[in-house]
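Dumping the structure here so I can ask a few things about it.
For clarity, chains are labelled A, B, C and D in written order, and residue numbers in each chain start from 1.
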């Protein structure tokens, strides 16, 4: 057992992967057509937004902070994107402008959070809760109620294929590449040092403030990507979108073996963690559980997965 | 860097700080700090606990802002806003509390912020590991097992961490290095190696500030000495032109005398207070001994041979796997500290920040915690406890503003006194001291030894581990020498001297 | 001068000041807001939040990133259980309180064990527990909680008892006194601070930190359960998500009450004021003639302003 | 003949939703007597749009015959409904309208629901006086349609002043708090337009302020509220949003699956895909009659109606 723990140290995502494979096999037993390309693609489409948000959340958590505003950022980016597209008339240029506006919005939200927390030294939990309220309010200002369809070009591209490969798969691969890219930058080591022991990072001469702001901006950026995916999936704007993403993304991050205290973990683990959460809801769906027990079963399996992961990997 | 064969101190001043002041809230840490270091000079900075040495160094390294005074680096005025700016000017500080990130590996820590990069700006991991290995090779002979580039710092022992911190400082190729108690957790062999590195650096023209509470070390390595007292620089001299008594006098304002008095020999055939038989577990292998009432038993040997482990085991903090312990003839089960405390044991750790300090809480609360447990109290009436605590603290010459002052308002040494007072207030019959004087100044040490002797005279049994042999030899009736988790020698009477202790520590049977 | 500065930075004084400012603002934008009977009603609403925040305070002070996100589900559970046990009968009020408090205490203990024995981070453990309890509530009630409050309980919460104040305010005052006594006059209280400031050091003074920490989560659950009883007394009957609206406010009340989320500091009186300030803020916003988004913006901005006063973390360069 | 129908409900925090599912289940069981097996796959969880899209996708992957959804968004399901339609699956939304041309809506007109009760309030006040409104979740489509409905009525009556509008998130306790605050700051309220789920709370605040006799307010359709209404002599009126809408939708769905074609003129609404059901209004006039209809039901039971199979057949050729 202790040998197992030793070999798992630093690779907690292996546990998550094992959980994922198990759930996948259970899902396969319950849903024989799971392996058909369409069904796989459909599942990936459903899981993708949480995967992206969880990746962004990981960087904030690695830096020793937390971001409860991701759900509101997703909503705000979504309504900004659809509004800009609607304003510019829905041509390809307008769509690209809308996407750019959405990404800038996500970055700006992250910057706002980061400055409050890293420069003004606000407490992360309460601060991002408050900024979440503000971003949510702004989303309702931009688009008072759900509506504003996006042009078919946008969502058909999202639902379709590029070069014969589903767009969602491209995005998934892009996410993996982004993780690998960031993992090789000195930034990640600096971020983990900042989350691991902030005074030590500061005394070592790292620019702790900009590093934490960078993490929040990454979170904002990945939330924006998630919002763009949700926009493709829903083909419209909805100011109340994404309200569950903040807490789910934190669960995904923890499931993926990242320590909430900061300094230890990986975005790849969170990606797997988000897939685990998705697979749990799939298994619940196909297990034909009476509806009054669905929430309870989901809660129990999630808690067990969290407890199991922490248990196996704990030091 | 060029190698200069002779170690002539260059007249060029690398660092000059004058009239530096710093306040933390109501506390004045520095009222007039001054230090001046030449290139290729090893400059010792001495002073009692809390006199402001670390604060002055942190100001030089940009970690702490200064309220007043001037700072010149390489002849130019420096107004540092961050450690980053100090580093750019060639200053590197070995932090007394270390600046390592436990979650990162040795290599990541050493090169943090200076990772070798490839053309695309990615971290060049291969070079990172290779460079680290070159550095750790310098210490490989004395660093102990498990010390590798990829090891997480959280898994290293305290001395290994200090070595990493040393390497981290060296890896920055600084021209001014400050070692703030860099030898505190190192053993003799490690210190010797460290000093040889210092001499090389000195030959390369690096300016070095060296802080230590060990006089031997200071006189072995330093060219010049600056002494501080109460936030103020009071003296500066060449190492050759001064004797220890003068230095100590300048540090404490009076000549501290804690030379050992002759202690009466232990009467034979006493009933032992504490009997430890065949305990094992963790790093310990079959350790047995007993301690009589009023006896001071020393634990010696190289660092990390199980001395802390036996003390922590007796305190129930890291329970033994096998073996028996009895107190006053009654067997006791020590599964957690509460068991030990109720059996009359008390434990004073050398790592007070980690093991003792209730940060941010009052002195009263810091003392009360143990009393509440040992007396099984349910309710707390501060007015009833305060006089007792004040007496315990006063007995140690502790300087503090009041029982309600936060623990952080005290210097390290005075904090340590509070943690000893914590146990004095419980009337423990067996005191376990785990390198309790680590980082404590000479004055406080003197008080502390006196106190230990008084307690022993009143019948308290003391088990004492110190990383400094002189302390063991000065205080103990008997010394058990540890090696690899087992007792390899027992020194008492004639054999209780530095020669036998060193010989036994390095593995030769006495 | 120095003294004046310490008084002005005292969290208690700051919280009290912000309450006065908010009341003044409320009166200015909608006259009648700061009337006596309205203030009493605001206090009544604050009481429920304050009782939840009492448990939250203990968990937060106890440190190790202590936080309890399950209080919402436990309030709902407490309300459901109390409603069922009471089923409108005055004679069942005491059993209802015991059942609600007891069951939520037990669930809190389970969360506590998860935190201490399995070492699951509190945020995750209590979040997971919230999901399980919410699920259990649905399974138990199928979304249609039965039972309702006894008339005496409703009068106790809603109607004046003595001096024009409803009974619940006296209960809250008692809880505040009990919290003071617990934290400042019992070994348990000293242990909570010790644990929150340095767990290892607390262990090294012999405090049974695991057991104590587990107990803290139990107490937090119990306070949530009792708040659930108050909620059903306030509304008459319950629904399964009745507690959700208290989760984050209870944490905010703790923070603006001067308790650091890092643990080991603060006291409950600040939290009492924090709960009142937060309730007044929400009430002022209700009466403002503004679009919803405008109210949200103001709410968020005021929270951030309060963070400026209390919620700031340590400076790295001193 | 047998059909599998997927039901997706994205909010489980209320008894109304449970009754909605229960009535749909009963309607499905009733089809057995007509020789048609209707198997329901019920997905009911507190979730967001994304979670409901997950439901729909799984329904498609599972190959159900029809999907009935109480949607969390009017517009967000357009693409996924299109996929369902491509797979030959019938999609019916209920309770809240959807914009998708690939789905139909069977339920009440939420705008009209608000108009009816607002009109009752105006009449009760004699067309004169100050009103406040307490709404559900801002931005929620059903909420926004209701807001539009009552605003239309109040604007058409110059004697009515809408003092302020606030949100209490369909939460009884928040409704009570909101009403307390409004009573404190607006001493001259004559009428309260409050959505169901919060009206009982609002009335409790009105009672606590001793203003039951002076203020008219819209009410709830829960049995326990009707009982208090009768016993305390409240001035109230409530338009009924029956939980039976999903059962109605189910009956329509089965008939459609049976191959029946809709009449040409049944569809209306904002998106042109809605079959609106009648909205009963409970007032002092029919209160006793309504209570008699709920006799023997538990307190949380909501007054409900649903289309019988025969009534549903009216929509088909």
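The rule is simple: contacts are C-beta pairs under 8 Å (C-beta built on N, C-alpha and C of every residue); 3 or more make two chains touch, one makes a residue touch a chain.
These are the chains along with the protein names UniProt gives them: A, C = ABC transporter permease; B = Sugar ABC transporter ATP-binding protein.
Please read these numbers as outputs of a predicted model, since none were measured by experiment.
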The chain whose C-alpha centroid lies farthest from that of chain C is chain B
In angstrom, rounded to a whole number, how far apart do the mean CA points of chain A and chain C lie?
30
Centre-to-centre distance between chain B and chain A (centres being mean Cα positions), rounded to whole Å
45
Could you give the separation in Å between the centres of chain B and chain D, each centre being the mean of its C-alpha atoms?
72
So, in whole Å, the Cα centroid of chain C is separated from that of chain D by 34
By the touch rule stated above, which residues of chain B touch at least two different other chains?
63, 82
Which positions in chain A touch two or more other chains at once?
140, 144, 199, 202, 292, 294-295, 298
Find every residue in chain D that makes contact with two or more other chains and list them.
12, 46, 138-139
Among line, ring, star, complete and other, the chain touch graph is other
All chain pairs that touch each other:
A-B, A-C, A-D, B-C, C-D
Counting only contacts in the complex, chain C reaches chain A at residues 65, 67, 114, 118-121, 123-125, 127-136, 138-139, 142-143, 248, 251-252, 255, 260-261, 291-297, 299-301, 303-304, 307-308, 311-317
Footprint of chain A on chain B - complex, ascending
61, 63, 82-84, 86-87, 93, 95, 98-104, 108, 112-113, 115, 117, 121-123, 152, 168
List the residues on chain C that touch chain D in their complex, please.
26, 30-33, 35, 37-38, 41, 45, 134, 138, 142-146, 148, 158-159, 231, 234-237, 239-242, 244-245, 282-283, 286-289, 292-293
Interfacial residue positions of chain B with respect to chain C in the complex:
24, 63-65, 82, 315, 317, 336-338, 340-342, 347, 349, 354-361, 365, 368-370, 372-374, 377-381, 422
Using the touch rule from the top, collect the residues of chain A that touch chain D in their complex.
31, 33, 38-39, 42-43, 45-46, 49-50, 140, 144-149, 155, 159, 230, 232-245, 278, 281-282, 285-286, 288, 290-292, 294-295, 298
